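Each of the next two complexes has subunit A plus one other chain: subunit B in the first, subunit C in the second.
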Partner chain A sequence: MTDEAIKTIDEKIKHSREREGKYLTFVLAGEEYGIGILKVREIIGMMTITTVPQTPLYVKGVINLRGKVIPVMDLRLKFSMAAMEYTERTCIIVVEITGPMRKIPMGILVDSVSEVLNIKATDIEETPNFGNKLETEYILGMAKTGGGVKILLDIDKVLNNEELTALERAA
Partner chain B sequence: MTINQKLLLISGTSAALILFGGAMGYLSAGEYLNGIMNKGTIMVMLAMGTVFGAALSMGTGFIISRSISSAIRETIDGLTDSTVQVTAASSQVASASQSLAEGSSVAASAIEETSSSLDEMSSMTRKTLENSSLMTKTGDITFTAMKNSHKSLRDTDACMKRIGESGAQAAKIIKTSDEIAFQINLLALNAAVEAARAGEAGAGFAVVAEEVRNLAMRSAEAARNTESIIGEMSREIKEGMSLVARTLEEFYKMGEEGKKTNMLIKEIDSAMQEQAQGIEQINRAIGEMDKITQKAAANAEETASAAEELSAQAAQMESLVADISTITGMTGNNSGLAPSYLTVVDSPGCQSIAGNHPAGRGIRNRLASLAGNESAYGESGRARTTIVRPDKIIPLEEDNAKSF
Partner chain C sequence: MDYEKISNLVDRMASDFLFLSSRELDIPTAGVFLNTLESILAVAGQLRLPPIQKVVTAVNHLLEQIIMDNVRDKTSGFDSFERGISLMQEIVRDYQQKEVCEHEDAVNRYIKNISDLTGYQPPGTLAAAEESAMPATEAPALKTVTPILQEQDEGLLRDFITESFEYIEQIEVNILNLEQNPEDKEFINAIFRPFHSIKGVASFLNLDTIRDLAHSLENLLDKARNGELQVTAAIIDVILDGADALKSLIVQVRDKLDGKTDAAEREDLTQLLERIHRLDKGLDLEPAPKLVGEILLDDGMITKDALKEGLKASADNPGKKLGETLISEGLATPKQVTRALRKQAEHISDTSTIRVDTRKLDDMIDMVGELVITQTMIQQDISNQLTTDRNLMRNIAQLFRITSGLQRATTSLRMIPIKQAFQRMSRLIRDLAKDSGKSITVELVGEDTEIDRNMVDEIYNPLVHLVRNAVDHGLEVPAARIAAGKDEKGVIKLKAYHRGGNIIIEISDDGGGLKPDKILKKALNNSLIQDGEALTEQEIYRLILLPGLSTAEKITDVSGRGVGMDVVKQAVDRLRGKIEISSSPGRGTTFTTSFPLTMAIIDGMIVKVGRQRYILPTTAIRQAIRPTRESCTNVVGKGELVSVMGALLPLMRLSELFTVQTDPKDPWESIVVVMEGNGRAKGLMVDEILGKAEVVIKSLGDALKNIKGIAGGAILGDGQIGLIIDTEGLFNLSESIS
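== the complex of A and B ==
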């Protein structure tokens, strides 16, 4: 019993240690979000997106990044937020999502990119329980910085397995 | 002794002479005719002839005396009438010339006043003329200055437009620099990502990336500030341009009004010149009028003295006529007047004549005219009563008549 308890505490500390590190923060509908920096491949400005038919609404299409075709997802639409006209500040963050079979490169459309932040484990809190029905799996935790809170995303879990499979097929 | 008396004396004398002749005839013829006729008859015839002759001469003398005296009386009547008229006319002439002289002197003084007023007016007009010509010059200068100001304003407008264009260009450049800052920011972020991937080895690189990113942020902020400043400037330039446009409009109106004012000033100037000329002419005319009035006054003076002379002559004539009437035996009615005082009603220009007898009437008129000359001219229009002693003016002594 005690051993088990010690084991869970150790796991939690380990988990917490894992979450500690550098995050790329960005703005989406006035809120700050963070993605683990090792998931980020690169940040690019807005570029021409080629629409692909028969794809979900949040998939805007594909871009040609130095000869590689990469799917682009609008995070606003994915999070069921109001769509917005793209501006000069709109950026595409290219991330690597770990799929069931391989790593998939994917572009994420955000309102604007902020900065690279080093967040300590003590500043990260568990996601509060909003109720069983709400899926909060894709949120790594809440980072307290300054007076505000930044939502740290687990980008691998933003898309579910089916969607990932579909993307793998598409890519 | 009147003429009638004298004539009666003459006829009586002739009758006596005839009687004397008859007696003498009787004496001489009596001796001569004694032998022819009977002495008694001769006596009777002579007596009858003498008496008849005497009666005839008396009658003839009486008739002659009557006829002569009546002719003289008629003449005297006529003379008296004309003397009266001459007296009246001379007094009228005297009064008229006197009033003419007075009027002329009044006119002369009025003309003098008018002349001095005109002189003042003339000097004032000259001054005004000077001022108006000065005003014309000033108006021209103002107009030129206004034109220059208008040109300057238009230049200002063009300059403002150019500044606005420059501002727009600057805004474009700022936008470019902002974009560049954004790109640098992205690059810095990418560098940070790469540094993180490199792990421990990329730690230093991460710091550089952070610094670059800071610079990019500062550059972006500077660009934003400049942009806002340029925006402000552009707004102010627009406001300035609208102000200049409004000023230009006002200036245009002012220019139009200035043109009108200038024209009016020029018109006033020319009118002033004409007025000055007119005043000059009036001055000349007044001078001539002055001369004429002076002459008229002198003439009136002369006429007055001539009328005086005429009056005196008329008086003399009247006294002569009175003498004649005394001689012809018409003094009966007048004799009572001579010593008494006469009351004469006198009003200038029209004398009321009292008395029935021509001679008396004439004397009264004479008195009236003299009294009028003495005192009536001072107060015209008012009837007045003057008491005159006629015996002081006309000699009515019997001695004068005797010498006739």
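== the complex of A and C ==
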């Protein structure tokens, strides 16, 4: 094996080590997703969302989180899935997104929250190439667990910088 | 003891004096001062405060002499009066804090000063006896210091002192970090910056010694930062000593400001500077141990000679500490030594105010807001349960009182009265008047109007510019005023008041007024307008807000380069404020500026559109009507119009602008709120008016700022968010859509 190859493998191992850890998993249109637990600030039940005009469709509006006004985005709409009526199990996961300027607290609407999973590096596989059509930048990897495959999200990249700045400029 | 009464009296006198329009006293004003002095004397007698009594008697005498016109040098008479007042303030403050007076010397000096001026003889011989006991060395020290201090704004110096203590604190904290990680550039930077700031301000204030010391320390750190020098224990030591020396220099400045000139000669800094210099050159030194005597010297408690003697004596007495020796040899009083030791131990800081990170404040305000909402909900729940537990009801009522008090207190935390800014401005006017040879009376109205702490600083600069303009261009020179049949003295009026969610600040002068023809000519010359354009008077006045238009014939260093008013306009715009000009020839000009109270509670009307609630700022609302079928017109393809009191106004449908789902309605089935802003008026169609509310504007966060037509969000009584409408933005939005 060449040095070059060893280096690549080393990097890969390092990369997957970095992804190892605890993930909060949730359901979105029947699929299981995970967000790094360190990004999650809290989980709250569905509450009244005040619609904000002139924002992208996936921005549902703002909520009052103990006196703080934070935006809420519907992950289904963001991922271009069919919208669904909110149910008893619908949750808002409050995450902290690293924006271009500073950390932005944001709520994410998901169908339901499942559990916190400890995912080992060895269980994480690289995102397969879906072809150019699909943007996979915001997928950290795929985790194989007993129950099936979970899509690990890099929540910072779900909203890419352009979208964040667009939000800041508020289209 | 209760010093509040006396403190109030003295403070009232100080502020009366500050607002004395000129350095002249008419008999009625002097009478007020005399009355106040009498009350102070009475209270001081009750409280047994001889220093105050002494000063009051002296000031009283001085005032009488001024009124009788017996004081030849009026200016210094006035200065003495001013100093007397501030001396009283100092003494009272001392009593309040420590129950002792440390100003005996200052009092005596003051009395001497008065007697020099007016031939005043203090009652009794006590003062005279103490006066002779005064050390002879003080007089020269005072002479060299007072003129420097007098020239400068005392407020600036005090700010500098407070800031510097904070800076030095930062330095001390970070230097300990640096000691642990000598390689860390971050820590070096963290020490470098405060030194740099101290240097900057000190040089601005002509505090040369402080500047030089800070500068050389900064140089040293710069080298360390660039890797030219290794951070060694010696360097850390010298920086710490330097910070200590800076601190004591600043304490000296403060003492002098407080009239405490009993400090002995200045500390000799040459040794320290030499150490810095040698380190700077890369000559390493052994860290010098700090001597006990040095501390005493630093504080100016003993002279160098006395220290030398004390050291000699303590060498003969090895069992004793230096402080004890100094006391036993009579070189320092026990009080001085203990005070020095206490000073060494305690943090020198001003405790009357503290600085708090605004984020912490905001968090607190948020949480209290939530507390109130939750509390209301609980109250609701309990009253729904028809409970008859009177104890519970009483406790709930008590809780309600406490939470609403808490809310008031927290919201007021960020608010300060505009007084301070006004006072700074009136001082500025006085200085400017002196420079420009005009005599000016300043009238202040509504100084207690409260405004967000941050806004004060923001609005200060544009306002100062307007004030300068008023002094420089607004008011005529005395000769011209007399010729125009006006009082020789010009009047500049600063007025502040709240109007809805805005603070309005008016700056008016009673000068010659704006000259529309002159402005027009200038604007034509600069091709800012086309010939023959029909402009209203208001529009002509607004021209002076354009860049490159100054009608001042004479360019002074105050204003008049044509870059003034447009800068003001920009600054006001940036703060989302407004500026209006009104003027009448020969009678004066008024600039009316209005600024939003960003963080403040605004008055709003809650309206409902579909299922959404919005808050319309009351300031922007002219009226709300339910239009008749006849008053509505639909210009096909252009938009709807509604006739309100004879005027046809464009109609905006909020549901369309904000794409809110609602049942389609006709204007005569709903309510039209007539909103105005920037000289325009439009009708806004809403479903329902829910009521009025005072709400706190909250930003929608970084991700959702600058949404057209939305100024922010507010948490309503039920804990949900209502969006606050930005009138101007909404108007623009409606125009860009249609």
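In this text, the second predicted complex is superposed on the first by the 156 of 171 C-alpha atoms of A that agree within 3 Å, B and C clash if a C-alpha of one lies under 4 Å from a C-alpha of the other, contacts with A are read in each partner's own complex, and residues count from 1 in each chain.
Here is the rule we go by: a residue touches a chain if its C-beta (ideal position, glycine included) is under 8 Å from a C-beta of that chain, and two chains touch if they have at least 3 such contacts.
None of these values were measured; they are calculated from a predicted model.
Visitor: Mind checking subunit B and subunit C on superposed subunit A, clash or fit?
Guide: fit
Visitor: Have a look at where A:Leu57 lands relative to subunit B and subunit C in the superposition and call it first, second, both or neither.
Guide: In the superposition, A:Leu57 touches no partner, neither subunit B nor subunit C.
Visitor: Using the superposition on chain A described above, determine whether A:Ile43 touches subunit B (first), subunit C (second), both, or neither.
Guide: In the superposition, A:Ile43 touches subunit B alone.
Visitor: If we overlay the two complexes on their shared chain A, which of subunit B and subunit C does A:Ala5 touch? Say first, second, both or neither.
Guide: A:Ala5 sits against neither subunit B nor subunit C.
Visitor: Based on the superposed arrangement, let me know which partner A:Val69 touches: subunit B (first), subunit C (second), both, or neither?
Guide: second
Visitor: Anyone got the angle at subunit A's C-alpha centre between subunit B and subunit C, nearest 10 degrees?
Guide: Computed angle, apex subunit A: 120 degrees.
Visitor: Between subunit B and subunit C, whom does A:Ala82 touch in the aligned arrangement: first, second, both, or neither?
Guide: Neither partner.
Visitor: Mind working out whether A:Arg102 is in touch with subunit B, subunit C, both or neither, as first, second, both or neither?
Guide: After superposing on A, A:Arg102 lies in contact with subunit C but is clear of subunit B.
Visitor: In this superposed model, does subunit C or subunit B come into contact with more residues of subunit A?
Guide: C
Visitor: After the two structures are laid over each other on chain A, how near do the C-alpha atoms of subunit B and subunit C get, in Å?
Guide: Minimum over all C-alpha pairs: 17 Å.
Visitor: What part of subunit A is shared between its subunit B contacts and its subunit C contacts?
Guide: Of subunit A, no residue contacts subunit B in one complex and subunit C in the other.
Visitor: Which residues of subunit B touch subunit A in the complex?
Guide: Where subunit B meets subunit A, its residues are 179, 182-183, 185-186, 189-190, 192-193, 196-197, 206, 209-210, 213.
Visitor: Using the touch rule from the top, collect the residues of subunit A that touch subunit B in their complex.
Guide: 22, 24, 37-38, 40-45, 88-89, 91, 113, 115-116
Visitor: Considering the complex alone, what residue numbers of subunit C touch subunit A?
Guide: Of all residues in subunit C, those touching subunit A are 365-367, 369-370, 612-613, 657-660, 698-710, 713, 715, 719-723.
Visitor: What part of subunit A is in contact with subunit C in the complex they form?
Guide: 48, 50-55, 59, 62-64, 66-71, 99, 101-102, 104-106, 164, 167-170
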